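Mind having a look at this structure? Questions to follow.
A, B, C, D, E and F are the chain letters, set down in written order, and residue numbers restart from 1 in every chain.
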């Protein structure tokens, strides 16, 4: 069960409204890595829709252009508040949640999400000089630092407690094709891939030895598919030779 | 520029068609962490739509039930082949791509994606005893092991080369509110959070000291929002006191 | 700020696992009107993925069919738990949130959402005879009754306090085209529309008089569009007459 | 079967093109509550893409900014016409349709949709002073008034005819946990919730008595989940005690 | 303006309910190429949700399996009717609409859509032996034949009237790089591409001469990107050489 | 298996950065018909986020407006590069792929896609005068010309080889209701539809004769639905007559 307090986790007031910046902050609310509180957005939109519109109506082309860059739904749909969308107005999506039940896999996902989140916050920090906005973002930056450290520590602890190794899941190593578990394939024409730490030596799991395959050969033969089902009309089933000829030409 | 060879990276043939399993394999094609080749799916669907349908039409309830569990679009839309969808038929989505330009943040996302991918492959491995399918999955498991190791090695190398520290991005540490960069807040009623490795000691970044806040207090006051814009009809603007009373009651 | 207690708002244990029903309960988690707690789903999935799979692998066609009807992602992606998706596996979407800032409009949306939610819960109640599941749904039904009543009471209070009238927003009545504000248009060929309470008499807002237009005439002339922009290649701009002939034929 | 007449339901011409406003009007076409005819949008876009672009190319920064705020797809994809998207360019979605088959639940949804629709139209009305655009919106406002009244009247009639009571569905009241069907829980720290009309007295359904629970206690014990399935790799199944310790720390 | 008649364009009754088939028919309602009337679906679902559920509750595993293959939302959300979703339950999406304003481009899209639609209808026809369902599909097949012919005839007429040539749009041929307008590049390792009608001779537009490039060379040099912006933290900007080394290794 | 060369298929450098245009080019990357290489976008964004932001921060309203029209995610999420989204920021979607397995149906879809693609490229060409950007688009236009011709030639060859006729699929012509396979229905009130090439004469398939039905009558009777299932609460099941009366009034 969740309880709610109307007191804010952190509070800061912007020096002035800024509807463009309000739109950008949406990335921290409804983007793939968003989780910020929203009061700030309402303050940044303060007066924007009607007062600025009034100026635009009066014919000021610059003001008209400013309005053009705003998120229209913050005014039309939400009445001057944030929406559960990213900075392009695309709604938040349940597939952003990562929860596999395997702690190592999920902790790695949490570190990655906090890293993207702090990076986006840092970029937004550089896009404003509003003291109040920056004050709030300084708090967010610090929390994202703490959270990255927390998940990194949790990963270390999982391994120290013997719950998981570095590779997720710690299972099926005896089943997998061992000869392909340490090789890195060179599939581009750049020269330098073989120089990296992943090209030789012991892998971070402490078990596998890296080796670098400079000219990887496909392991299978020419791809083929089963004979098409006549009732699905994969072209004329009575003339399969002709179909094969046509497909061969085009692939 | 990309070139294509019609030879397969790896090849294995299933012992027998299995339309249910073909549906599950879609998770590795069009799921958030999918990237498998697709020939296998066409083979698992071999004969499924028309021959099995013929049996169902003949009145066999078990066959009818089998058909019920298949992905309808594999037959109706794709003519017996895979689709660019996950195992629930939801289409692959451009937001699954993570490419921020910050190498540490992106390498962490790559490790996390390979971990989820190997985990899903391992679960699928346990859901079949088809020798051919398992042969292909043994190859996939090994490649996912190699790739997790590769990205972990790349992360180590980034740090050894002095390009990045463990926290992304390695910037704005002097700006962020330092007093909140090492604290972990206890927001649940369980007793044990304070025992973890993240509750005290030096954080994995080697810089911050962890401390655990057992009874975190909100740092801000009672949340408030700016006066609603009358032209957006946030209820009667002339009676703001009344609105505040109503809102106060309800939140 | 939100706090969390690990104690559950309500608790009930199913008599037995039921993976099909677990899938259906997803509608109350990630559907457009979902908000249920999720523990129950994990219990309904108990043992499903591996033990049932083992039987299926052993060749039991009925068990294979049962597996076919499960949500594959509950096993492959979430490791035996719920996902933030509806009963068809489509992810929850930020556009489901309704928050316009106008209290009357939003309270009406809340009543409507609680009504759809209780209806879905009632349908799910009839699809199981598991005592534990029904116990939980009896709690949910009661809460949905309470919440519908609460929002209906809030609507009454808004009107009694003079904050809003029945039509949202309570504004621009002097601006709108009054001659169209009380008429109901008959656009189908059924005979009975004119008999309803909306066909005559005073409307629920206490202001407008209903009237029923039996043979509504379009108020505008023949639709036209501006001359196409030559640089957008809306077919040959130099031959506009020809284009108009072609469009006229096809519409 | 549907028939179409090329005469417009209502017709009004804008005084001048306005590409920014054309974008905003998209909310009434492809937004969650949209249903407007589209001719108007094509007129507002008249000349916008090529002539304005020509000016922008000539170096006028204001014009460039105006273009920046336009919906790019109206020019690139639709050739100067509307799209089936909302004002942020997000496509209309089949989940916006509400049709449960229960008339009371669906009529409540219709009232709510018409309320949101009239609210959005009113906000758009205040964002332009174009006489032609306002003329069309005055028609839309009036129709939205009529439709809200119509659905409110239909709700009254359903109850008068004895088809439904105020709570949807009118069923399972004897099954639901009666002790939770009238209580409103206080889950926030504000003082005023207990003062509302929903805190005491007879509920709008005329059956339940409201009561307000000032300090609601969770009804269940500490949440638990079933033992993880070893074949789904919910961390090390052989060390369940360790997993439980890790989970306990983190939640 | 649209008018509606409650008479059906075509009417046929299924011999018996078939909830699995009702799900498949959804592809013709809410799939990318769907446009069918829906009454049929309600009939196919007749009795399915409650009567079949009752049997399932009584313990019949086959019936339970049948229910497992149904679309859960047809019962839970729509109360026994169709939804605006495809056969996997994914909602219809406004991006499926193609309307560029260029008649040749749009007529080609219409032919293609009718072809996919008739193909899906034909596949569905083979998946049932219900006389009533087949009767309706025979009507749909015929209409899809008529519509493909209609759009093919419209394409011929556009060209005969001199409105458009075969390539869309009929413009910028003097601007495009002529040396690349007739060449087909061989980017796979199959031998047969050079044998097709597209490898030599005059192209269908009657203007270009085809030629087949057996060993296509990239026309550009090694890809490069501009120097990363330090305020976006594309890794350490002060150490650009190191970054380039890291990127070079990995691509 | 795919191989990659780091050399570009074609290369051109823009004369100057243009963040607005970079956003528009996204339509060719992540739109329904997009497939362009992306280097160009990074160059167009060069310096945009930080340098232009610095000017905006310094108070230049024009610059602020320019920023307002940019795609926020190109800076915040992608660090100055493209995203896998269209020009409105909506992510690319797996449903854009058309691959039915029937070659004629799929080749028609390919012609249509190339036509829309060349049309969008041509529109974008007219929206810039940057020499470098135009150079790249001249290459893209030429390739789209070549590809439209290639698929048109492949369609001709399919028919010449006797693999398929013009209607997809070439099947079930004896089953479909022949009396509806050549008729075009006049469902609008325009006078001119009967004049087109589709109103009489032999259809493009060389088999059917067109005829134009000036006053089409619905072939079915009044639509009806099966008796609602009482356990789905399609309003009061005991009062079916009343429900029918209510439904009849409203449709």
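Just so it is clear, contacts are C-beta pairs under 8 Å (C-beta built on N, C-alpha and C of every residue); 3 or more make two chains touch, one makes a residue touch a chain.
Bear in mind the structure is a predicted one, so any value in this text is a computation, not a measurement.
Shared contact partners of chain C and chain E comprise A, B, D, F.
Shared contact partners of chain D and chain E, listed by label, are A, B, C, F. Simply put, of A-B and A-E, more C-beta pairs touch at A-B.
With each centre defined as the average position of its C-alpha atoms, the distance from chain B to chain C rounds to 26 Å. Work out the mean CA point of chain C and of chain D, and you get 9 Å between them.
Taken residue by residue, chain C touches two or more other chains at 1-9, 49-50, 53, 62, 65, 68-70, 75, 77, 79-81, 85, 88-91, 93, 95, 100-102, 104, 119-120, 122-123, 126, 154, 157, 168-169, 171, 188, 190, 196, 218, 228, 231-234, 245, 250-251, whereas all remaining positions touch fewer.
Those residues of chain A lying in contact with chain B across their complex are 5-11, 32, 39, 42-43, 46-47, 49-50, 53, 75, 79-81, 90, 93, 95-96, 98, 100, 102, 104-105, 108-109, 111-112, 115-116, 118-120, 122, 125, 138-139, 141-143, 145-146, 148-150, 152-154, 156-157, 160, 166-169, 171-173, 175-184, 196-198, 203-205, 208, 210, 218-226, 228-234, 251. In the complex of the two chains, the chain F residues touching chain C come out as 119, 122-123, 126, 188, 190-193, 195-196, 231-233, 245, 248-251.
Within the complex formed with chain E, the chain C residues making contact are 20, 23-24, 27, 31, 62, 65-66, 68-70, 86-90, 119-120, 123-124, 126-129, 187-190, 218, 228, 232-236, 239, 242-243, 245-247, 250. Listed in rising order, the residues of chain A touching chain D in the complex are 1-7, 49-50, 53, 57, 61-62, 64-65, 67-73, 75-77, 79, 85, 88-91, 101-104, 154, 157-158, 161-164, 168-171. Every residue of chain D that touches chain E in the complex is listed here, in rising order: 1-5, 7-9, 30, 77-81, 83-85, 91-95, 97, 99-102.
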